[in-house]
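Chains: A, B, C and D, in written order; residue numbering restarts at 1 for each.
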Amino acid sequence: MIKQELCTVVSQSQIAKDIYELTLSGELVREMNEPGQFVHLKTGGEFGPLLRRPISISSISKDTSEFTMIYRAEGKGTKLLSESSSGDFVDVLGPLGNGFPVEASEQGDTVLLVGGGIGVPPLYELSKRLTAAGFTVTHILGFQNKEAVFYEEYFNSLGETYIATADGSYGTAGFVTDVIANEGVKFDILYACGPTPMLRALETSYGKNKKVYLSLEERMGCGIGACFACVCHTADDPTGYTYKKVCSDGPVFKAGEVVL
Amino acid sequence: MIKQELCTVVSQSQIAKDIYELTLSGELVREMNEPGQFVHLKTGGEFGPLLRRPISISSISKDTSEFTMIYRAEGKGTKLLSESSSGDFVDVLGPLGNGFPVEASEQGDTVLLVGGGIGVPPLYELSKRLTAAGFTVTHILGFQNKEAVFYEEYFNSLGETYIATADGSYGTAGFVTDVIANEGVKFDILYACGPTPMLRALETSYGKNKKVYLSLEERMGCGIGACFACVCHTADDPTGYTYKKVCSDGPVFKAGEVVL
Amino acid sequence: MKSLEISLPGLFLKNPIMPASGCFGFGREYSGLYDLNQLGAIMIKATTLEPRFGNPTPRVAETTAGMLNAIGLQNPGLDRVLNEELTWLEQFDVPIIANVAGSLEEDYVEVAKEISKAKNVHALELNISCPNVKTGGIAFGTIPEVAKNLTKKVKEVSEVPVYVKLSPNVTNIVEMAKAVEDGGADGLTMINTLLGMRLDLKTAQPILANKSGGLSGPAIKPVAIRMIHDVSQHVSLPIIGMGGVQSAEDVMEYFYAGASAVAVGTANFVDPFVCPKIIEELPVLLQELGFDHISECTGRSWGKHEKLAYHRA
Amino acid sequence: MKSLEISLPGLFLKNPIMPASGCFGFGREYSGLYDLNQLGAIMIKATTLEPRFGNPTPRVAETTAGMLNAIGLQNPGLDRVLNEELTWLEQFDVPIIANVAGSLEEDYVEVAKEISKAKNVHALELNISCPNVKTGGIAFGTIPEVAKNLTKKVKEVSEVPVYVKLSPNVTNIVEMAKAVEDGGADGLTMINTLLGMRLDLKTAQPILANKSGGLSGPAIKPVAIRMIHDVSQHVSLPIIGMGGVQSAEDVMEYFYAGASAVAVGTANFVDPFVCPKIIEELPVLLQELGFDHISECTGRSWGKHEKLAYHRA
């Protein structure tokens, strides 16, 4: 169920260039059941920016009623958010949307997780759950450059992890798709989150033959399915009027379900 | 000279119902030479209310580079201001306007200070200077009710002090003008600050025969004389186009100078 | 709460607060958050004859104290609104105001005729003011004669009172209001969004795929208040006011200006519980301000102090 | 800063940043705070033939991310502006744009004729859009034919290029722009304020003594951007943009939309040093964004990438 709650900042720290890790505690953690869901945050109170910001949940700790997010402080809202510190309150609406289906991984499947930039965070909780369920998980994480890399060790501790940077300053130079090709990474099921061009490339290459799940990004109003801000066409009716809402039908879709 | 500075909050405390006393430190205290001047405050930073708030300076401490204000937290800006605490910064523009002329009190004058509500604060610095200069000062301070009364002891320590409350819950029931009449308060020079009806009553009764100085209030834009938001007619041309700006020609005017 | 009950053509409202069209879908999502029976009414998303996908994304952009949208009237079309959405809404004891849109006069007339037959549709809101559709829309909302004729045609077929939603993007809003009054409108809703645009710092391109969009939110409230203040003095139609309402205090300002009820749009995105919150706070504020009944507030800014009785029938 | 130099009809600007009319008086107050020579130009307060006191107070009210003003064109009149203000301004090496207002056509013409003779007045800004004067103003700013004729009359007498300041309170801003272009305008300045109103919660009365006023500040920026985006594609006049500019980023958005220079109004009240701050930040931002010269930015949102040369003579 979706809740609105003033959650308490447990900790906040900068973990890469412009990238912050924020842990909040609140009762709505009880509602967080899937990796890949997101929350909609009001940053800065009454006088902050008007709209909420959608941010993925990167890890969930039911025991402590805490959850963590990783975000880039770039615009007005996220910059303001990055100023809050332990003990402050953040107005959270969530959890929202449908996450990655862990159950789509079947016994014996080799699992590949591909993340790009601020698409990396939700893969962390996903990977924890998959590895806990006994799957072998490979991670390919793409970043702009060395300064932007985060959570490499965390992912490393869960499975093999490749880093690609666009400028070649760290890991493989190039895109995540280059890594798959160059390293001959084998997999049965792919979960991905990141910029649309990346998702599109993955869908084109693997959408037909593998199980592929993609988490989309779109500008949002309500975040709950009421305002029609975040719709996309369905793949079987690409110019018609059938649609999916990224916020409430997604953000995760099966490859081939919607038009990227 | 007018300066803009991020001043540091030294202390803030609530001293009566909705009334706060705020002390700031900053270099612009050096520029504060007259009692009755004001500052223009940006409350709440980038995302706060758009316009600055004009607030009188209630006392100045050149030694410590600190000044104090007393204000009612009523609207959005002042409420936000009341949330700042020691160590925070406040964006101050000032000092602004022309204050009360201490030098208008001549040797042997009996001085009366009359304040109404949030018009009381600037009289405090004025009284300190007048008493320091050897004058006998009487204060009449009007408030809505008992809960709203502040600084009685401070004024008491400087000279005789009468309190009037509109609802009679403390001191004399009624207006400051009632106190003057009932108590037969004698004076040669009057300085006053408060609601316009109060100032008007004082001007009508004493403006002709005594030296009377009144501090006006008006909604402001720039606070420095550029926007023409705060003008009033001059008394010698009450329907013409000559004018005074409350922010830069005032806020203190001699009775009979401008139309109240 | 007797102090909040308002009766308007076609509408008996237990309170004067309702979500604005397009900001609440057909109520399904918000029904998961709170009991919709609390609402005075619901203005459902614009309905067109045929289903519409609307504009490409991005469809929203943030501005200072406001947002732009260019949804482009996406909706499932008349049939599905009738058979799926309105029937679903029947479970609630809340009057529905159906927002009717179209590109051609015939479309409006057809939708109005059919949708006004629905059991729970107590009034229509004729959307002649959507800034986000390329054809039709603009003339209907900006040329008095065209607006008047459309109103007349829709009135002829509608089985419930017709409120016309005015666009603020006109030189003379009073003239528009008078025209639709002449056309037989039972009430006005105002304002729709102001036309606006935002450009991206890095790409130099509009953030919205549709380039321009409709500006809503607190930023536009003073424009709405001014227009309602002016219009309410020149027509005798009740006005449902909207534009940037976020609090009970904002609602009071709309009533003072001349509104008889208030719709809440963008604020639902900021705080999904805003409508019930306002409904809870309003009677308290009313009492603090010394009013017995909300209807005493309508038009106070220009001296209309007496209670108003709008029912014509 | 070569990268900021802009040349417009009558104006050689060392940078494209100038205070907007009415928000800077005649410069005296701000000259106590910083060196006015830093400014690209100064748009002085509206000047009328006779001195004007303007409207009763309160004349300003705050709104969310905006303010309302109803100053009512207070100014000391043509003679004193010429003999006291403009002569005082001669000490600065800054072109002055004189904002010309009036109630009657003759007034405009007379003021334009005389003020355009002043040494440091390099252009006129014809204020046909002030929302705060009861007579005259409105027709000039909302009826294309009237605006065109006034422009023509003023052009006949003016010794310097004439920029016409457009009102956003119209249905069709492009039509207005084209009309004044036909009338011979050398440039446009836009936008003036949107009509707005605020009511006091306790008294139910308008906060402004004049009741309504002009809305300015960040709230209106998206409206201005949309209008400049549209107008700049339909007329070949240079545009000085304004409305809610607070930062170098905002300036870029105005250029992308189609402006060739930008004026800063309300922000001067928020931060009196805002103009020099923007002037300092702009070249840095330009470089970050990869531009060599600010003029490359004009009209980028709709594909006008080449450098513009406006001088006609």
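Keep in mind that, in the parts below, a contact is a pair of C-beta atoms (placed from the backbone, for glycine too) under 8 Å apart; a residue touches a chain by one contact, two chains touch by 3 or more.
Remember, it's a predicted structure, so these values are computed and weren't measured experimentally.
Of all chains, A has its CA centroid at the greatest distance from the CA centroid of chain D. Computed from the mean C-alpha positions, the centre of chain B lies at a distance of 36 Å from the centre of chain D.
One simple way to say how far apart two chains are is to compare their mean CA positions; for chain B and chain C this gives 46 Å. Residue positions 49 of chain B each touch two or more of the other chains.
Chain D has residues 63, 65-66, 218 in contact with two or more other chains. If the chains shown are joined wherever they touch, the resulting network closes on itself as one ring, and no chain has more or fewer than two partners.
Chain pairs that touch one another are A-B, A-C, B-D, C-D. The touching residues of chain C, when paired with chain A in their complex, are 22-25, 28-30, 32-33, 45, 51-54, 57-63, 65-67, 69, 71, 74, 76-77, 207, 217-218, 266, 268-273. Those residues of chain B that touch chain A in the shared complex are 44, 47-49, 80.
Listing the residues of chain B that touch chain D in their complex gives 1-2, 4, 42, 49-52, 93, 218-233, 240-241, 243, 248. Chain contact summary for the complex, chain D toward chain C: residues 63-66, 68, 142, 169-172, 194-199, 201-202, 204-206, 211-212, 215, 218-223, 225-226, 229, 244, 249, 252-253, 256-257, 289, 297, 300-301.
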